[in-house]
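Structures follow.
Each of the two complexes below includes subunit A, the first together with subunit B, the second together with subunit C.
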Partner chain A sequence: MSTLAIQTEALSRLYGRQAALDNLDLRVQAGRIVALLGPNGAGKTTLLRLLAGMLAPTAGGAQVLGDDSRRLSPANACRIGVMIEGHEPPHWARLQWLAALQASAARGFDSGLAERLLGEHHLDGRARFGRLSKGQRRWVLGALALASHSDVLLLDEPADGLDPASRRALYGHLRDQVNDLQSAVLVATHIIDDIERVADEVAVLHRGRLLLHADLEDLREQVREVDVPATAPLPAQPLEVLASGVRGDRRSVWIRGGETVEARIADQLGGSTAVHPFNLERLFLALTSDAAAADGRPASPNEKEEVAQCA
Partner chain B sequence: MNVRLDHRSGEPIYRQIVEQVKYLIARGDLRPGEQLPSIRALAAELRVNPRTVVKAYETLQHGNLVVMRHGQGVFVAENRGAVPAAARRKALVGMARRLLAEASRLGAGADETLDVVRDVSREMERGS
Partner chain C sequence: MRLSVPLLLWLWRQTLPVTIVAAVAVAGLALLIPARLQPQFLELWGALMVLVMVVHSVALVAFQGRPFSGPAGYLYSRGFSRDRLWVHHWLASAAAVLAVWLAAGLVVWTPLRGWTQWALGNPFYPGAAGLDAGFPLRLLPFYVPLLAVLHYSWIRSAQPTRGRWIGPILLAWVLCLLPLALAVEAPDEFPLLGVAACALGVAAVLLVVLSWRLHRNMEVGP
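Presenting the complex of A and B:
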C-alpha cells in the first residue's frame, strides 16, 4: 500500500545560473494523487520533465519506479504515462492511429476505455488531431494517458481548456483509475478548485522550492486560519506557523496544531480569536505571495525575526 | 448511501462521511444490523481515496456506531448490547468524572448532582 513510486533527493536543475528547481525532496506513494501547485515559473513543468527522463538534473537525482530517472529501463518507461506541454502528437494524426500507437507503447493499454472516453466527447477515431478544438485535444491526450493504465502518471495542466463538466469528469476518471490500479499521480496545475476535489496530497512549489507537502485531509483537520492584530507575537509551540500575511493592521496566520488545533489556539491566543476553517486556495496564495517569500523562503520559518520586526 | 461531500468546506472528508452516516442512523434511514457499502464501493461512489472511507468507518466503529466484521463487511451496530460491559463501564466512568468535575466547579456536591441525574432520567422516561 505504501510503495514509493517517486522519490527525489536534493533534486536541482539550473537554466544558466537560474535555479528552476532547488534542492527538492519529494516522495509520492502508489495509490496517491498529488496536486503540484505553484505560480507560473515555479518549476512544476521542469519537475515533471525531470521525472519523465526528458531532462537531466544539474544536481541530485530522482527515482521513478525504482529506476534513476536518467536511465529508465524500457520496461519501466512503458509504465510511466506523461501529458506534458510540448509533447503533442502531429496534427495530421488520426485519433485511431494515436490510440494504436499508444497501445504499442503502453503494455496495459485499455482500448475499450480509450474508446469510451473518446465517445464521451463524441470524438470519431477517424478525426485528425489538428482539427480538434483546444479542449478536445486536451481530452484526447487525457483519455490516452488514462487508458494506458500507467503505474506513474505525470500530468501537466491536464484540464486546461476543458469546460467545468469535462474537468470534473477527467478528474473523476483519474480517481477511479488510482483506486483500481494504485497508480501514483502528480498533477501540476494552478486551478485549485478542481484538483481539490480529487487530490490526496498537496505539494506547493515556489521559485523552485518545495514550500509545503502535506496530506490534504490532515491539512483540513489540523490547519486553521486566524485573524490577529499585526503587532501581536506569532503563535509558538506546539502550534506551527505555516504562513502569515499582513494587511493593514491585521495579520492572517495559518496555524497547524494537530487534531485539537482549535483548543490549542484558544489556549494560546484566547477564546475570542477569529478562527476560520482551512481553505487551500487562501493558504496557497499566502505561501506564494511575493511579500511572504521575497527572499525565497517559506512565509515565516523564523518566528523570532518576525516578532522582532513587529515590535 | 446518500452522502454528499463538500470538498471546499474545509471539513475533512472522512468527518463529513462520519457525520452523515451518524445522521442517517439517528433518523432510522440506516437500521441496526444493516450492512453499509464496502470500503471499495463507497470510495468508488464518492470518488474518494479508499483510505478516507477506512478512516470514516474506523471512527464510526470507535464511536460504537458500526461494527466492522473481517471478511463480511460493515454493519450498523445493534443498539446497546453491542457495547461489551467492560467498555461500557469505562466510558461511563469517564462521563461521570467529567460531570462531577463540572458540577463541583458550580459548587454542587455529588449528592445534589446524582439527584439531578435521577430527576432528568425520570423526565426522559416519561417523555418517551
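Presenting the complex of A and C:
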C-alpha cells in the first residue's frame, strides 16, 4: 500500500493582496514523481517553499511526512531534500564543504554517490561554487539533493541550464532513486519533454489554482485531442472536455473518455473526426489558456507566444 | 542536539569580513588608547569603545542574519532543524566576538601595549600595563544585550506578521542603557546604575528566549 508523503488542504498563500496559491488540495504518494507544471507566476515555487517550511500559509495547511510543514520535527526535517531556484550557497563555498554541510544535515547522505555524480561532470571538490557555470551549479545542487537519499524531494527547475544529455542523466538518476527508495518527488519545471519521460503524475497550476492532477499513464491512455468545426457543440457525457481552444473556424478539444476514448469519440463526433494522440505540452497550453480566458484576463505574453508556436 | 562543524564554519565565514575589520579596529584601540584601560579612567574613550561594540555587533548580525537572501534560503532548506540553526547562529556570533576580543587580549596581555605606550611617552607605562589586564574580559558581557536585541530584530523582521519596527525600537532602548550600564563598572560614582544593568540583563535573556521561539516560524528565502 502506498504512503501519503505530501498532503495539502485548502492551502492558500497571499503576497499582499495577490494570491500566489488559492485553496490548493494536492496529494503525493511515496514512490511517485509528480511534474508540477504552470506558467510563470503560477505558484509553483511558492508551493515548494511552503512544503519545505520556508513560508507560512495564509490559510489551510500542508503536511509533509505526517508533520505540519511549519513544524517539521528534526527527525523529518532531515528527510526532505530541497532544491529551489535562487536558493543557492554563497560563491565562496567549496563543493567539498557543501557536501560536508549536507552530510551533517541529512542522515542518509551518501558521500560516495555525491562524489560519483560530481565526477560525472569532472567537478573537483575544491572548486568554488561561484566559479562554476550555471549548468554546473544546477548539477551540483541536484547531485547533493540526490545524494541526500531523502524521502521527499522538492525540486524547482532542477535541469535549468543543463545540456540535454545532463538533463537526461539527472532525471535518470532521479528515476532510479525513486524506484530504489520510494521517495516522493515534486518537480516544478517548464521543460515538459524531459520531465514527461520520468514523471508518474502531472499537476498543472495556474494563478495559484490546481487545474489538473492526474496519472500521466492514464492521461496517455484516456485523453485525445480532436479537431472539430468551431461551431460544433462540445462533446457530452460520457466524454469529459478537459480544455478547448478555437483557432479560426476550427476548435481543438481535449477529451477524456476512459480506456475506449477513441471509440467513444467516433460514436459522438463521427468516424471522420481528426483524433490526435495525447501530447502533454499541448494539453498544458490549452488548460492554462482556457483558465486565463475564464479568469477574464488574457494569458501572459509568454503563454500566448507558446500557444502560437505550438499550434 | 549535535554540533555541526560545517554549519558553524558556514555561519562564522559569513561574518569573516566584519570580524577581520573589527579585530584590527579593537586591537588598534587597545594598543593606542593613552588612558589606563579601567572604567574610571576611560571617559570619552569608553564611549568610543561602546560605539565600536555597537557597530561591530550590528555589522556582525547584518552579515549573519539575511533571511531573504539566496544563501539563507539554501541553508534553511538543507534539513537542519530550526532550533539547531538558531543555536549555531549564536555560537557563530559568540565565536566572532571572541575572535575580536582575543585580538584585543593579545595586545593587552602581552607587553605590546606597555611598550607601545612607553614608546609614545605615556608616563604610566609600562608600569600600569598589568592593571589593564581585565579590560577585554570586562567588555565582553556588553555584547550579550546587543546581540540579543539584534538577533531578535532580524528574526522578528522575517515573521509572517513581520513587525519590522519592534527590533529597531528595542535596539534604541538598549543603546540608551548601554553607556549607563557601562558606568556600573564604577559603582561608587553611579550606585543606581546597577539596577539598570540588571534590567538590561533580564531583558536580554527574555529577548534570547523570544527570538528562539520566533525563529521556528521565520520565513526564509528570496
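Assume the second predicted complex is superposed on the first by the 289 of 311 C-alpha atoms of A that agree within 3 Å, B and C clash if a C-alpha of one lies under 4 Å from a C-alpha of the other, contacts with A are read in each partner's own complex, and residues count from 1 in each chain.
As a working rule, a contact is a pair of C-beta atoms (placed from the backbone, for glycine too) under 8 Å apart; a residue touches a chain by one contact, two chains touch by 3 or more.
The structure displayed is predicted, hence computed values, not measured ones.
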Based on the superposed arrangement, let me know which partner A:E88 touches: subunit B (first), subunit C (second), both, or neither? second
Examine A:P74 and indicate which partner it touches, taking first as subunit B and second as subunit C; both and neither are also allowed. second
Just checking: does A:V198 make contact with subunit B only, subunit C only, both, or neither of them? Give me first, second, both or neither. first
Using the superposition on chain A described above, determine whether A:Q102 touches subunit B (first), subunit C (second), both, or neither. second
For A:E217 in the superposed arrangement: first (subunit B), second (subunit C), both or neither? first
Partner chain in contact with A:R126 - subunit B first, subunit C second, else both or neither: neither
Per the overlay, which chain contacts more subunit A residues, subunit B or subunit C? C
Look at A:R17 in the shared chain and tell me whether it touches subunit B only, subunit C only, both, or neither; answer first, second, both or neither. neither
Intersection of subunit A interface sets (partners subunit B, subunit C): none
Subunit C contacts subunit A in the complex at 2, 4-7, 9-10, 13-14, 70-71, 73-84, 160, 216-217, 219-222
Contacts from subunit A onto subunit C in the complex sit at residues 49, 52, 54-56, 70-74, 77-82, 84, 86-90, 92-93, 97, 100-106, 148, 150
Would you mind writing out the residues of subunit A in touch with subunit B in their complex? 31-33, 172, 175-176, 178-179, 193, 196-198, 200, 217, 220-221, 276-279
Parts of subunit B lying in touch with subunit A, wherever the complex brings them together: 7-15, 40, 43-44, 47-52, 55
